Amino acid sequence: MALTQDFCVANLQLPDTPAGYPCKPKPLVTAADFHSDALARPGPVIPPFNVSLASAGVRQFPGVNGLGVSCTRVDMLPGGVVPLHAHPKASEIIIVVEGAVLAGFVSAGTNVAFTRTVRKGELFVFPQGLLHFQINTGETSAVVLKAYSSPNPGLQIADYALFGSSLPADVVTKVTFISEAEVRTLKKLFGPSAVPS
Amino acid sequence: MALTQDFCVANLQLPDTPAGYPCKPKPLVTAADFHSDALARPGPVIPPFNVSLASAGVRQFPGVNGLGVSCTRVDMLPGGVVPLHAHPKASEIIIVVEGAVLAGFVSAGTNVAFTRTVRKGELFVFPQGLLHFQINTGETSAVVLKAYSSPNPGLQIADYALFGSSLPADVVTKVTFISEAEVRTLKKLFGPSAVPS
Amino acid sequence: MALTQDFCVANLQLPDTPAGYPCKPKPLVTAADFHSDALARPGPVIPPFNVSLASAGVRQFPGVNGLGVSCTRVDMLPGGVVPLHAHPKASEIIIVVEGAVLAGFVSAGTNVAFTRTVRKGELFVFPQGLLHFQINTGETSAVVLKAYSSPNPGLQIADYALFGSSLPADVVTKVTFISEAEVRTLKKLFGPSAVPS
Amino acid sequence: MALTQDFCVANLQLPDTPAGYPCKPKPLVTAADFHSDALARPGPVIPPFNVSLASAGVRQFPGVNGLGVSCTRVDMLPGGVVPLHAHPKASEIIIVVEGAVLAGFVSAGTNVAFTRTVRKGELFVFPQGLLHFQINTGETSAVVLKAYSSPNPGLQIADYALFGSSLPADVVTKVTFISEAEVRTLKKLFGPSAVPS
Amino acid sequence: MALTQDFCVANLQLPDTPAGYPCKPKPLVTAADFHSDALARPGPVIPPFNVSLASAGVRQFPGVNGLGVSCTRVDMLPGGVVPLHAHPKASEIIIVVEGAVLAGFVSAGTNVAFTRTVRKGELFVFPQGLLHFQINTGETSAVVLKAYSSPNPGLQIADYALFGSSLPADVVTKVTFISEAEVRTLKKLFGPSAVPS
Amino acid sequence: MALTQDFCVANLQLPDTPAGYPCKPKPLVTAADFHSDALARPGPVIPPFNVSLASAGVRQFPGVNGLGVSCTRVDMLPGGVVPLHAHPKASEIIIVVEGAVLAGFVSAGTNVAFTRTVRKGELFVFPQGLLHFQINTGETSAVVLKAYSSPNPGLQIADYALFGSSLPADVVTKVTFISEAEVRTLKKLFGPSAVPS
């Protein structure tokens, strides 16, 4: 079921549907709806990762609603890490615009890790729903632009899912075999009070 | 792009495509292609989880190719665990046919854990691509049937992705903040030599 | 066009869309939305088929909205019949959890009937939109669980379509060549006053 | 998953896939691949329906492969009938280009019959997978053009599914409640030896 | 994501969504919703093309909402032209019901023109999103029926996009290399005041 | 119909299908398949546009096959132009990484032009299938990265479609109303011998 209009700028005031937000009335749509500066500046630095994230998904950039594509920008200090995470609804291509990063993902089923150093101007692709990461292994900051195959790719960070949710430590240990002591330590780092909004 | 035939029994000898396997020639298709006993018996028990998994996806049951649905069966000893995992390509409904299990998933973005005890005859649904688990909290074995919204849902188990792949321990620590000592311990449990085929 | 949220629990109070119901606001969603006991007990017995049907589609189980999967449960008395029917929007896998049934479907175009006895623990798959049936040929009750590739597969029972609608008997005869006498007899059995709600 | 080429003319010599046939190499494609005279003349008259069917689906018109649309033409003698049938993979719009027909379909679930006389130049739409029919109620021939939302909509005619397949008469009776005598009579009319190729 | 109802007649009063309009409540749906005379008569003649267009898309024929198909009718005077245009959301099959036309499209990337004379009863298919046209090269009127793989295919006529929008002449010249003098001449023909509603 | 594997690296040696290329055998896949330097350097300058194009679509970057996303890079000299064009199979987001550009598209149906100056770090989105352009209105070079909602978006440049194909000048004039003199002039610029491979 493809998009059934020229475009469908999201009306974020109305309830979402499985295919996206209802459309803003066409007479109210202007060029500004298709333009965004959401990635023009880095977002705030997120401890303990030493990276910042700026997003241009449907909620920040309503013009992408229904169009099957969105973007983010990540700025990584030296040693900064985009922690292990997956996008449930989208594949992702990264392009490194400054610096260099180690990028990798783990295949499902075979558990093969595919990793590469991605240098300035180079691309790497993470298939939909698979756990992946980036590490700034260089001595200078890195800037990475990312494109997704969905206006709303979703973002599940393993640390927050494991240690930042309301799952009790003993449950996390049972379903991951990570020791309860380790879980408790990490809950202090990623626990609910630490979850970024 | 919907299926473009009445059915398309997978010819597993030919290369797969993004939409599934090429079709077995129709004159060779028989009723046996639409029938499977892949779930009639439990699979072998998988340590350390104390559960067994039998699958009826497209490779075990070629008749589901292109049809958007498949099944598995999990048998859980008391205390057995379906460890934290995600299906990159499918949502999943479970139905408990014996015993009772604690089922849960963590939402992306908000990191809310949704958990429930699911008793005999009851259902729980895990949305596509989100990390989820089950624990047999009862004193008897549990049997759980599962249906997926894909003939090939994929299966990424967090433990094997984190500790069973070729990612070096220091990289795992960097992208998860799990201590390197803990990672090394878990690599012994889930490391490549321990990965189930 | 894939689901564009982590999940989209149906708000059944709002008008449906081609892709499903609008989403319940996320802050109101609880674990109960992903849990259902709709299949925990058999539905009422439907004469003259001697089967009962319990459904966990989007209207009974709003958590499946947008997720591409749903379930039903059929209990079949000895000799009971799931009459010839099709699901316009979904393929279906059945698993027999008690007893044994004769399952079959007819391919379109070639009109080949694919039939098999499906025993406890075994599976059979019915491709989307094709007429299919089950008969409990055993001497004990049978219980069959069913999974669909849609949250709302639709259900068109041939008997109700032919004999239970407002189509006059002579029209039914014209478009099926079933004799008008036979149509009138069957209209008594399946006619509007006999349609289950 | 949309078409991933400008076009993909079917190579009917290669095995089909769930998304359609592999593509003919682009350098071999000519304008003739996008042109068809498959509907220029009526097909042969099909007894006992007194209609003729000419098809321009992917097998007759390989240029439509992957494009989500195809056509047929039906010529109906006075009293001729397009018998009750469904397309498992497509919705259908008809346009009457000569004469007038009574068109109808039955909704699933509610079993409401929606019928209308469709006159020259008028349209009627049959939603995907639902049983529908047309009758030439006029005194002159009718010509009906039909468009489908798939290059290969499938065609399941109730009469052939019920009476023209290898299903034994007693099974047909069990799953439809049509009397075995009636089934045997209709098997003579629609039985395997009578199935059109 | 397939349609999740038997049908979903558009409620044009509610805001559209990426998958189409919300559904009219089922109890209010009648056979009239699936029937249309929108193509029964030619539309008004559009200068300077000497063709008329009548449309049966979702706004004229709400019954096609969510069904993946719609139709138009074009009547072409001798020498009349369906000017170069594309449908962003749909492939198109034409069938010539009177007269003969020269039909053609240009492939993307390779810029090969595929053109054919299409005579009465013959078909031609234009793949989604590609620029195409028809010319009535005969001495009599031609009538062409068209089916699309979307309920709302969209229509971008090159002349109106280039010369009928608010783009200044110098911008049009820059992005097309058509001389500014020529652009100004054509803006008089297709300029905003000349755009058909 | 979503991707039915973790990933499906294109085997470009096999015939394409409507959903993409068949998959390279998994044991042969390496990290290099998900990495690309196709955009690391500008492509060759294309006269008369004074821009260069480097592509990372499925043919240059087989790892994106089936993943619903791809990228290109455009370098624009001062005054350089990305001429009016459309992608039949994808929406596009641009991000300006150096300089500033005037970006615009024309809506279908309403022929409204939506244009904006897009500065360094800013985004603009072009909906699928609509004619759009960019002009480097600044005094320095501009570099623009582009992401598409398809591994193979297609590219139809209006100039090459109108003046670079084998369509005779009189046909182009008939279907665009551009004067035959102007068409002949532009055919010299964009004619077959001038088409970039």
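Note that the chains are named A, B, C, D, E and F in the order they appear, and that numbering of residues resets to 1 at the start of each chain.
The working rule: a contact is a pair of C-beta atoms (placed from the backbone, for glycine too) under 8 Å apart; a residue touches a chain by one contact, two chains touch by 3 or more.
Small disclaimer: the values here were computed from a predicted structure and weren't measured.
Under half of the residue numbers found at the chain C and chain E interface occur in both copies, marking it as a different-residue contact.
Of the two interfaces, D-F and A-F, the higher number of touching C-beta pairs belongs to A-F. Chain geometry summary: the mean Cα position of chain A and that of chain E are 39 Å apart. Centre-to-centre separation between chain A and chain D, using Cα means, comes to 46 Å. Rounded to a whole number, the gap between the C-alpha centres of chain B and chain C is 26 angstrom.
Shown for chain D are the residues that touch two or more other chains, namely 1-3, 6, 14, 17-20, 66, 68, 88-89, 104, 108-109, 115, 127-128, 130, 150, 154. Chain contacts in this assembly follow no simple pattern; the graph is neither a line, a ring, a star nor complete. Of all possible chain pairs, those that touch are A-B, A-C, A-E, A-F, B-C, B-D, B-F, C-D, C-E, D-E, D-F, E-F.
Those residues of chain D that touch chain C in the complex are listed here as 48, 81-84, 86-89, 102, 104, 106, 108-109, 111-113, 115, 127-131, 133, 135, 154-162, 164-167, 171, 174-179, 182, 185-186, 189-190, 192, 195.
Contacts from chain F toward chain D in the complex involve residues 1-3, 14-20, 58, 66, 68, 88-89, 150-152, 154.
Taken together, the chain F residues at the contact with chain B in this complex read 1-6, 8, 11, 14, 17-23, 25, 65-66. Chain B contributes residues 3, 6-7, 26, 29-41, 56, 61, 63-64, 67-71, 90-93, 95, 97, 104-105, 107-110, 114-116, 118-128, 130, 145, 147-150 to its touches with chain C in the complex.
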